[in-house]
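Naming follows writing order (A, B and C), and every chain is counted from residue 1.
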Amino acid sequence: MSRFRARCFIHVIIPLLGLALAQEPVRLTLMVGMTPQELASFRPALEALDAAHPEFVVDLEPVPQQAFAERANVRLASGTLPDVVRMDGLVAQRLIQSGAFLELSGLPGFDAVDLDDYYPGVLAPYRTGDAIWALADTASPTMLFYDRAKFDAAGVAYPTDAWTLEDMRHAAVRLTRDAAGRTPTDAGFDPARVVQWGWNNSLTMYWQRDLVQSLGADWCADELCTTFAATEPDVVAAVQWWADLVQVDHAGLYAPFSGAQTGVPGSAFLAGVAAMGYHGFFAVGQLNAIGNIDYDVAPPLLGVDGRRRASLSLNGYAIAADTKHPREALALLTALTSPDFLAETWGRPGHAVPARRSAAPSVIDPTRPPANQDAVLIAMEAGAVFHPYTPAAFEAYALTLDLFAAMMRGDRPVAEALAEIERVLNETLADDRLP
Amino acid sequence: MSERGRFGRGGAPSRAPGPLARRRERWFYLLISPWLVGLLLFEGGPLLAVVAMAFADWPFPSSPRFVGLDNFGALATDARFVRSLANSAYYAGGVVPFGLAIGLGLALLLRRPRPGVRLFRTIVFLPAVLSGVAMALLWGWVFNPRFGLANGLLAQVGVAGPAWLYSETWAMPTLILLGLWGTGINMVVYLAALAAVPTELYEAAQLDGAGRWWRFRHVSWPLVSPVTFYLLVVNFVGAFQVFTPTYVLTGGGPNDATLTLPLYLYQSAFTYGRLGYGAALAVVLLACVGLLTLLQFRFLERRVFYLGSG
Amino acid sequence: MRALQSTLGYALTLLVLLPFALPLLWLLLAAFRPPAELLSAPPTFWPERLTVANFSESWQLLDFGRFLRNSALVAGATVVGTVVSSSLVGYAFAVLPARAKGVWFALLLSTVMLPNAVTLLPTFLLFSALGWVGTYLPLVVPHFFANAFYVFLFRQFFRAMPRDLFDAAELDGCNPWTAFWSVALPLARPAIVTVALFAGIGSYNQFLEPLVYLTRESTFTMPLGLAFFRGLYGTQLQYLIPLSLVALAPVAVAFFAAQRVIQRGIVTTGGRA
């Protein structure tokens, strides 16, 4: 009996003790805001990543995207923010300002990250000065989407990557139809009975600075856009251009997303009643899923200064400032933003465009629409996130939304509405201005 | 017949409670102890915290700082706050009385066990428990000015329908209609109350030759008055807290026409990041609704007929 | 004459039901329409094509079977706690005397007058300090301590009952606790079923609390699962609608079953010894 006990001790207890005393893998929590489709490709890739990194074990906490801010707020307030957080650019900017995250550039091992591999527009929102607070993983740049069937029916040539805003306007007029099939230039055209619009939008919010810049003016008086100068003559002229698209050419929408004009909430292009428009890359997935629109894409339009401008929606990872395992968290973060992981999880399934040049081409898949997918890469080079994104920025948006709609619809003259908009914005954003 | 402020079951208020009454009072506290414990453990702290937050400037997620009555002072001059309070009152005034009336009417219509009645009741009840987003989508379709069902039906009778949710005058009435669509809950409570009415009373009335209206006026109505009072109070409290339809359907627009107090509160606290101001708005909401409820208890409860007190 | 009255009655009923039924019908049809029809303008009532793909595809995207079971679990526990505690407290308010009763009742009602969104943060801090985040405890336990709305409802129901019943019980030597269990509660069946129904549905439809308290995907409830279809770039209506209807089905069934109890009259509440 005692010999059995001795053997037990040697062959079982000692090795177990040894295992217990050996390195325990660190438990990291990873909170992500994703759609079910994105989760479906993310989960297996994360498991593989986890298996390849024995120094940590990842607990995944998925959150619905629309409710991400609520979850982040309560976790932040209670000091229980997960170790690594993936969130969209807007939420990230506000959290960065509150000091929720660890400054990355100071962490050991961060110099291994090749920052030059990233597109220019994707790093800026996560930086303050030289400090880097988060790393972008994917982006959705705006591109020009167009409906080939509508273009063919109207006999209009497809957009090219040399198109300017004026080219767009000419085509949009020819692509607008009322219920009787007339275009705005035909006699008897009824603007109240438009069934197809040439362009799926107009100028509806103060974040669309790029649409004004492409016409040679700029309503922001500073780089971070917390001071507005919207009553300069060139700004008024630029805004008037867009208002004319709606009121004179009848080719644009003053209510592009509410459904008031189209009958269906959401984008007019996706509803099949606009011939072309700007959309983020995400629309590719939606259009392919719906499958009833024969569409293609082109790079964003050229401005009067010959520059292309696109806006970016970003997603990125950050590390909680009070994490207990900064080294492992950084290891996880760099693994999640490595080119291979990005290509495998985001690019190839077609969810979003990886924010790194080395991984971005993985999003091009010739086996599915659209045809001209190289436009994505061009758009990424031209992309920039719009400013400002402070809490006051949302309040400013809410307060000026109706003013823009009234301006586009023609209820208020452009110059007068812009003066009011400028006043409201400067007042609301006053606290956000950096000294 | 309100017992509040009195001691015992009616009669002259006594100065010193007798031993029996004292013992029963002890039982009162014993029986409400689950609520008291819960108040202490779970509800009381957060309630006090919100009141405390109202006296702070808290640009969440930065740290809060004490500012005394500043938030309330800002409130007094905030035009959007006044607008939101007026909008909430408008909404409540529209939804509550009509909701009660329709709920009672439906309960009376569907109280008898006839074939198909269970399905009918379910059809009325389901809209009240439908998820917010599905409901929003539905209503967006029904009331779309160009293609929706409502204007389609109106066009059949030759009336040009309004712009509903996109019109400043019609947006709130549309939301009120949406609130009335969820009146199935009132109906269910009334059904339960009507079921508890002793049937002998109806039989006696019928034997005396009383018609349907008399039976309603003198049997049903008084005997469900406790529940009518309940629904009045509770529906007003709920109407001043309605949030999801405004958040999902209109976002407060057009031009603040549907900006209700809970929505403005939510926006201030979370979207604009002014948590202290949002808490102050919450305290004001509490005060308004509390006052309204107090008035109802003070002036309306005496008209409630409680069978038990007879 | 009777037959005519009855037919007219039915016609009136159907007319009254139309505003409730039509939108529900549209929703039901929408669940079977391909995404192209749901998102295209102009919207129509009758589908052109029908498909069941929305149901099968959505079911596979997340573990909704599990979410339904979790929701049922939480709702069931909530119902038990709510009914027991609220009926007890409601009985006390209705029947027992207390000098400060008005004050207590006012306090009770005031607890539900603050919007959920603001009290969420301090409440979360409390539960976080207790270490309950990540479990079902914050969703269930508070309901064992009475809910103001349902206490109020029980109070009304008990006050509407003849007082002699409870007095007789107490004269017979029962204390209020026993009187509650053996006399009051059995008579309050319509109220109990109503409260059980509302509390269950309320818990089942809750979104904000599960959002902030549940962390692991395997513990998610149905509303939380549904919310995943509302992304930053648009709502996936073709999945959200069928799933909303699937989520609604147990509620409809529960209500259908509960009606039996609610509609049956209580014959013996009146003065029978």
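The rule is short, and it goes like this: contacts are C-beta pairs under 8 Å (C-beta built on N, C-alpha and C of every residue); 3 or more make two chains touch, one makes a residue touch a chain.
Bear in mind that the values here come from a model prediction, so they are computed numbers and not experimental data.
Path length between subunit B and subunit C in the chain contact graph, taken as the least number of steps between touching chains: 1.
Simply put, of A-C and A-B, more C-beta pairs touch at A-C.
Per-chain Cα centroids separate subunit B from subunit C by 15 Å.
For the pair subunit A and subunit C, the distance between mean C-alpha positions equals 38 Å. With centres taken as mean Cα positions, subunit B sits 40 Å from subunit A. For subunit A, the set of residues that touch two or more other chains comprises 70, 73, 77, 263-264. Each of residues 137, 144, 146-148, 270 in subunit B touches at least two other chains. Of all residues in subunit C, those touching 2 or more other chains are 41-43, 121, 125, 230, listed in ascending order.
Every residue of subunit C that touches subunit A in the complex is listed here, in rising order: 35-36, 39-43, 61-62, 120-121, 124-125, 128-129, 133, 207-208, 211-212, 215-217, 224, 227-234, 236, 239.
By the touch criterion given at the top, residues 59-62, 137, 140, 144-148, 163, 166, 251-255, 267, 270-274 of subunit B touch subunit A in their complex.
Across the complex, subunit C is touched by residues 3-5, 7-9, 17, 21, 24-25, 27-32, 34-35, 37-39, 41-43, 45-47, 49-50, 53, 106, 109-111, 113, 118, 120-127, 129-131, 133-134, 137-139, 141-142, 144, 146-149, 181, 184-185, 188-189, 191-193, 195-201, 223, 226-227, 229-230, 233-234, 237, 240-241, 243, 262, 265-266, 269-270, 275, 278-279, 282, 285-286, 289-290, 293-294, 306-310 of subunit B. Subunit A makes touch with subunit B in their complex at residues 69-70, 73, 76-77, 94-95, 97-98, 100, 255, 258-261, 263-265, 391-392, 394-395, 398, 401-402.
Within the complex formed with subunit C, the residues of subunit A that make contact are 29, 33-37, 39-40, 59-67, 70-71, 73-74, 77-78, 80, 88, 140, 262-264, 266-268, 270-273, 280, 282-283, 286, 289-292, 313.
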